[in-house]
Amino acid sequence: MQPIAIRDVSLNYDTPGGKVQGVTNVSIDIDASEFVCIVGPSGCGKSTLLNIIAGFLAPATGQISIGGKPVTGHGMDRGVVFQDFAQLFPWRTALGNVSFGLEMKGVANPERDRIAREQLRLVKLEKFTDSFPHHLSGGMQQRVAIARALAYNPSVLLMDEPFAALDAMTRDDMQRLLADVWKETRKTVIYVTHNVAEAVYLADRVVVMSAHPGTVKTVMKIDLPRPRDPLSVEFLDCQKELMGHLGHNTNGAAH
Amino acid sequence: MQDAVTAIAIADAAPAGRGAERWRLAARNIFPFAVVGTIWEIVAWAGVFPHRLFPPLEEVALSFVNLTISGVLPHHTIETVLRLLGGFALAAVFGTAIGVMMGRSRRAEDILLPLVSIGAPIPGLAYAPLFLLWFGLGNFSSVLLVGFVAAFPVIFNSWTGVKAVKEIWVRSALSMGADDKRLFRYVILPGALPYILTGLRLGLAQAWRILVAVEMLAAVPWGLGWLIFGARKFLNTDAMMAGIAVIAIIGLLLEKYVFQKIENYTVVRWGMVAK
Amino acid sequence: MTNNQQRTRSMIRGGLSLLVAAAFYEAVARSGLFPAVLLPTIPTIVSTLIDMLADGTMFEHAFFTLYRVLFGFVLAVIVGLPLGILMARFPRVEHFFLPLISALMPIPSFALIPLFMLWFGIGNVTTVLIVFYAATFPMAFNTWSGVRSVNPIWLRAAGAMGADENSLFWKVIIPGASPFIITGMRQAFLRAWIGVVGAEMIAASDWGLGWVIFDAKEFLNADVMLAALVVIGFIGFVFERLVFGSLERATVQRWGMVRVAKG
């Protein structure tokens, strides 16, 4: 559970695959075991920022350190969950997927199996250990992805709109589950979303980004007690305030 | 030939659960053959064509049995299958290696792709005389040619397969601490497997199609291609058709029992291709 | 590195690789390790090719080959396309023909050459029939799967807009199945092209590119052989890329429909 320091990170360039949504002069400090949501309109570079923190992209300027150590590439101190269900390896069962990181780490088998099963239990999938991903629903696949990212015990969990492709009901369940998992594991979490209610439900702090240039506009602290009630007046007030921050964006849309 | 599989799969796709249902299905599948067989018999017995050129089916069956008992047909078959396996093994090993290399390294792709693209549009058999000229008549040339021709689909598909491995798998594996070697073994190879299998299957089909003709041209002493070609000289149409029947059976078995089994066990089970 | 630089470097590498391969071949050919008749130098091959083009023999051979392959191919389309459609539309037709096709398809067309030679002798009839046999199955098969795979939503939508059976067929089913039909034609031609060269070699008459290659072997004319190979490769390439490629671009790709698997 490490703190993260992001200092003056910028990245604006063309790749063969097209232009990356740039980020300019982003600085954020995140405490150990803090849950931070990054919200912003599409094109604000929030996913780019997450990919920089994950080490998949190198920033043009600035630097990021996790627990005092500068980030130079991908590393096992971070677990990553993407939006795309296809992130799971189809040729491995749920258990095989969750074991992958442990295998890479060199954890031997009885132990590896035990940890992987434990992680699947944490996301309430203990009955589906031997299922292949294509037999699982979208929500279950994302839960496997979360278990997989937690299994090798990284100190930081990076999540890129992991529930955006789920239906509303499943998404609510998943948010509750993630809040529980976080309470139990106390990982430092950076969670990218464009869903305001989701951010208010999950985050200790919400970083609001604006587009053109992609930079931090404001940071909002959410002081609501947990577990949070999305129907309470305080919750709705927070949501309104956050909407207000987002609403001043160029196109006036919340997402 | 890829398509043949689907045909077979669909022909017996209906769940063969209850007995009556199964009989009905079998009858339905046999019926067209019975019709064609009857027409054949009528034409053969009517004497429209010379008897030697158009033998009735029972004579074909008889000659099939006789040739099998005497060991001639099995000998031809074994030689052919060995050549097929030899050529296909060459294609599988070198084709996959080259294709994967092209998919992994930009440099290898730049260097090899033009060479492969020039060789590919020429029908394989057109190389046959050249190979026979260079490497002489016989086994060596035939196996080499079969391997050479079968390698093209293997190369193309493994190359595409490696390039089609999802970026998100690579990223996930990297974030979980996979190094280059393990990334290749645990992610890229299984990720590219549907394509590699398709390539192997097309390669085998290709090898099979060409081998029969190669055996006719390469003057090998044994082999099904040689059997049917040689039978022509003595107007042994019945032996020829027995040989063709074996060729058809092997083709079917290769499709249905070799590749379909492998696919069912791997990529179909993983949900990477639709059944 | 930008995209453009990358592409330039790829082209340079590709060109270099071809040059090196050619130079290597030339060096081996000139080294005298192998007899010159077996391994002619590239200038020899080129001059043979030019000679044969200049005196028209190569064109005549190519003409015969093209005549046979197109004759067989067109026959295959005329038979295979309606057969595929009928199979997809009428279960009875499907039940009758599918087992037959499944049984016949694994027989390589070359295996039938000796039989056809017995029945029809050496020459055009045998060659055209081999081409026809080779090309019909992929045509029928792909058409069948294409018509079957037409999205039922399109049928319902068209029905809701008042389409009758007739216009449903011509305006929805045929265009909907066209990616498969075009793939079928492409595969059929590929098979036909392979078939014609093989049939010409084995069931040889006096003309045709396959015959030239095989005949050249008898007289150890490796240069003629390689020159004919170049022409065969060229024609194959033209059909695959220019004819079927542009057909595809004009229809399926323009409609943004997914390209079906390449066989």
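Order of writing sets the labels: A, B and C. Residues in every chain begin at 1.
By our rule, a contact is a pair of C-beta atoms (placed from the backbone, for glycine too) under 8 Å apart; a residue touches a chain by one contact, two chains touch by 3 or more.
Values in this document were obtained by computation on a predicted structure and should not be read as measured data.
Relative to the C-alpha centre of chain C, the farthest chain centre belongs to A. Across the two candidate interfaces, B-C and A-B, the one carrying more C-beta contacts is B-C. Spacing of chain A relative to chain C, judged by their CA centroids, is 51 angstrom. With each centre defined as the average position of its C-alpha atoms, the distance from chain B to chain C rounds to 18 Å.
Separating the centre of chain A from that of chain B, both taken as means of CA atoms, is a distance of 48 Å. On the chain B side of its complex with chain C, the touching residues are 1-4, 6-8, 10-11, 28-33, 35-36, 49, 53-54, 106-107, 109-115, 118, 121-130, 132-134, 198, 202, 208-210, 212-213, 216-217, 224-225, 228-229, 231-232, 235, 237, 240-241, 243-244, 247-248, 250-252, 254-255. Of all residues in chain B, only 166, 168-169, 171-179, 182, 186-187, 190-191, 193, 266-267, 269-272 touch chain A in the complex they form. For chain C in complex with chain B, the residues that touch the partner chain are 9-10, 13-18, 21, 38-39, 95-115, 117-119, 137-138, 141-142, 145, 187, 193-194, 197-198, 201-202, 209-210, 213-214, 216-217, 220, 222, 225-226, 228-229, 232-233, 236-237, 240, 261, 263.
Per the touch definition, chain A reaches chain B in the complex via residues 54-56, 74-76, 78-80, 82, 84, 86-91, 100-101, 103-105, 132-135, 148-149, 152.
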